[in-house]
Amino acid sequence: MQGDRRAAALEAVLMVVDEPVSSAELAATLELPEPEVEELLTGLAAEYDAAGRGFELRSVAGGWRFYSRPEFAEIVSHYVLEGQTSRLTQAALETLAVIAYRQPVPRSRVAAIRGVNVDSVVRTLVSRGLVEEAGTDPESGAILYQTTSYFLERLGIGSVAELPRLSPHLPGLDELGAIEFER
Amino acid sequence: MQGDRRAAALEAVLMVVDEPVSSAELAATLELPEPEVEELLTGLAAEYDAAGRGFELRSVAGGWRFYSRPEFAEIVSHYVLEGQTSRLTQAALETLAVIAYRQPVPRSRVAAIRGVNVDSVVRTLVSRGLVEEAGTDPESGAILYQTTSYFLERLGIGSVAELPRLSPHLPGLDELGAIEFER
Amino acid sequence: MEHLSHPPEGESGSASGFEVRLENFTGPFDALLSLITKRRLDITEVALATVTDDFIAYIRAMQERGEEWALDEASEFLVIAATLLDLKAARLLPQGEVEDEEDVARLEARDLLFARLLQYKAFKEIAGIFGETLEAEGRRFPRAVSLEPSFAALLPELVWQHTPEQFAALAAKAFAPKEAPPSEVGLTHLHAPPVSVREQAAIIGARLRVGGAQTFRALTADAESRLVVVARFLALLEMFRDRAVAFEQAAPLGELSVRWTAGQDWTAERLSEEYDDEPQEEREEQHAG
């Protein structure tokens, strides 16, 4: 397959996907080496950016997908009412933050950190697709929770490893010594 | 709005809408005369054709939509059929059941009842022809979903009214009628 | 691939408008908190009652100006104030020489409370970043369209084996209320004080139900140690949170009167595990609305 044809084939496949597709999957479909596919995708994304197209191609949550460009959000939102409009409450955001950095984590631990019962907030996060169950704690039998790939997508990052570091937000940590803070 | 920006705004909308959109509707959203929008759309379609992009912009049944280019149909169908099964997943079946008994219903309500995000499952059910859009909720503007006649056919019943009553399976469901599931 | 950015230095997660005026400190509540967490100010030197009065006055003033009741700010204040109170209580407990393991554990518990406060603040800031990022990212809409009809037609014919009755059973299952999943047992990171808050709550409950409203002074008159007074105070806070009691106080620092508001079937078992290392399933269940 020639250069332009390969890129066009990727465009054709990406037209019908409804969630991010990994370069490995695309490479398998096109029967091409993955690094070559990565290069083609990066090239396409740069091309759309340079040409100021109304759409962009982005790699988030470990996969590639077409998005509308943010500057046209107002116009696009006339057509895409659902899901995007409802904002998370402060309580939901804080609970989400704790789960993101402590996953997999039982609700009781999140509650202990936030100082309030988080049951209904966690249920809301689950039904919004941002958080999911992740088995049970072998010791206590409590259900563990983790963030979903939809969460990564909504945050525009590739993996949990790309979350902002927590330590800069913990002033005086050095003075506390031995207490453990992950990540 | 300048020439390029107008075309880009059209691209942004068309890249993310599911249903074909008429030029009249696009003209109203962009506050531009319809002939101008028609011209821009025709221009974009010609541009994609000339550049040999993997997608094309077509006007079908009075509406415009992005499609994958037929030339790549083989690769795309290979991708689409990969991993497809002829059975619905448990998640899809339960979602279908909720829609069948609560129709017409917005996705958010189905998500609240099932306790998980159902966006992608609902799209699968739509692709499978079991569920279809049924207008929008007058209050929230959310898209409503209902089952199709193909669903009735598969289930072997003549109409939704012939669905078995739920009460034998779940005593007290009638009392649940009034309970609001959304949060 | 983009990375999330940190907020500029010195910028706090929320710009709280609430200012504190104390003998030894005047400034934003956030700044007070920061001094305490950095141990530049001793928590025992902070008059929490004054801070609370100031906050209530602040919220009232906002309401009078017709501004929206700042629910987030109020609940945040409550969480932080409660933690400060925990902290202060831990500090005020008799300590003396560090002689046995219990004392060491108590000192560690104090550090853990510091840690908890810091942790809470850190997550609050991160939550702010999440909120901003989600909003910015929300301006991008993903292409999530249903399959083009020509490809949908290629999908293998569905194998459908459900009778209408089986399908109805599925529906019933989907509609059945989900059982609240079990919660974890115990909060091992918090210390177990020698005086049980729950026990003290049971004592207070028994007296109030029989004797009607009583002052805090009367309720603690027979306390054999300061620790018991502290435990009864914490118990009252817990009972208040559980709506078992109501407080009346004519003037700041005036006599505190406690009134029973729960039914006869209330038991201290309902109370939280926070101070006593006990299973907390019960409470979780009851609050799972």
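Per-chain numbering from 1; labels A, B and C assigned in written order.
Basically, a residue touches a chain if its C-beta (ideal position, glycine included) is under 8 Å from a C-beta of that chain, and two chains touch if they have at least 3 such contacts.
Keep in mind that this is a model prediction, so the values were computed, not measured.
**Q** So using the touch definition from the top, which pair is joined by more C-beta contacts, B-C or A-C?
**A** If we tally the C-beta pairs in contact for B-C and A-C, the bigger total goes to A-C.
**Q** Closest chain to the protein's overall Cα mean, using per-chain Cα means, please.
**A** Per-chain C-alpha centroids compared to the overall one single out A.
**Q** Using C-alpha centres only, name the chain that sits farthest from chain A.
**A** Chain C.
**Q** Report, in whole Å, the distance between the mean C-alpha point of chain A and the mean C-alpha point of chain B.
**A** Taking the average C-alpha coordinate of chain A and of chain B, the gap between them is 23 Å.
**Q** How big is the gap, in whole Å, between where the Cα atoms of chain B centre and where those of chain C centre?
**A** Roughly 42 Å separates the two chain centres.
**Q** How many angstrom lie between the centres of chain A and chain C, each centre taken as the mean Cα position?
**A** So the centroids are 28 Å from each other.
**Q** Residues of chain B that contact two or more other chains, please.
**A** If we look for residues of chain B contacting two or more partner chains, we find 15-17, 66-68, 76, 80, 114-115, 119-120, 123.
**Q** Find every residue in chain C that makes contact with two or more other chains and list them.
**A** Residue numbers touching two or more other chains: 141-148, 151.
**Q** Taking the touch rule as given, give the residues of chain B at its contact with chain A in the complex, in rising order.
**A** Its residues touching chain A are 4-5, 7-17, 21, 29-30, 52-55, 66-69, 71-72, 75-76, 78-80, 82, 106-108, 111-112, 114-117, 119-120, 123, 141-143, 183.
**Q** Under the stated contact criterion, what part of chain B meets chain C in this complex?
**A** 15-18, 66-68, 73, 76-77, 80-81, 84-88, 93-95, 97-98, 100-101, 113-115, 119-120, 123, 126-130, 154-157, 162-166, 169-170, 173, 176
**Q** If you look only at chain C, which of its residues touch chain B in the complex?
**A** 141-148, 150-152, 154-160, 162-165, 167-176, 178
**Q** In their complex, what parts of chain C are in touch with chain A?
**A** Per the stated touch rule, the residues are 1-6, 34, 37-39, 72, 75-76, 79, 82-83, 111-112, 114-116, 118-131, 133-148, 151, 180-187, 189-190, 280, 283-284, 287-289.
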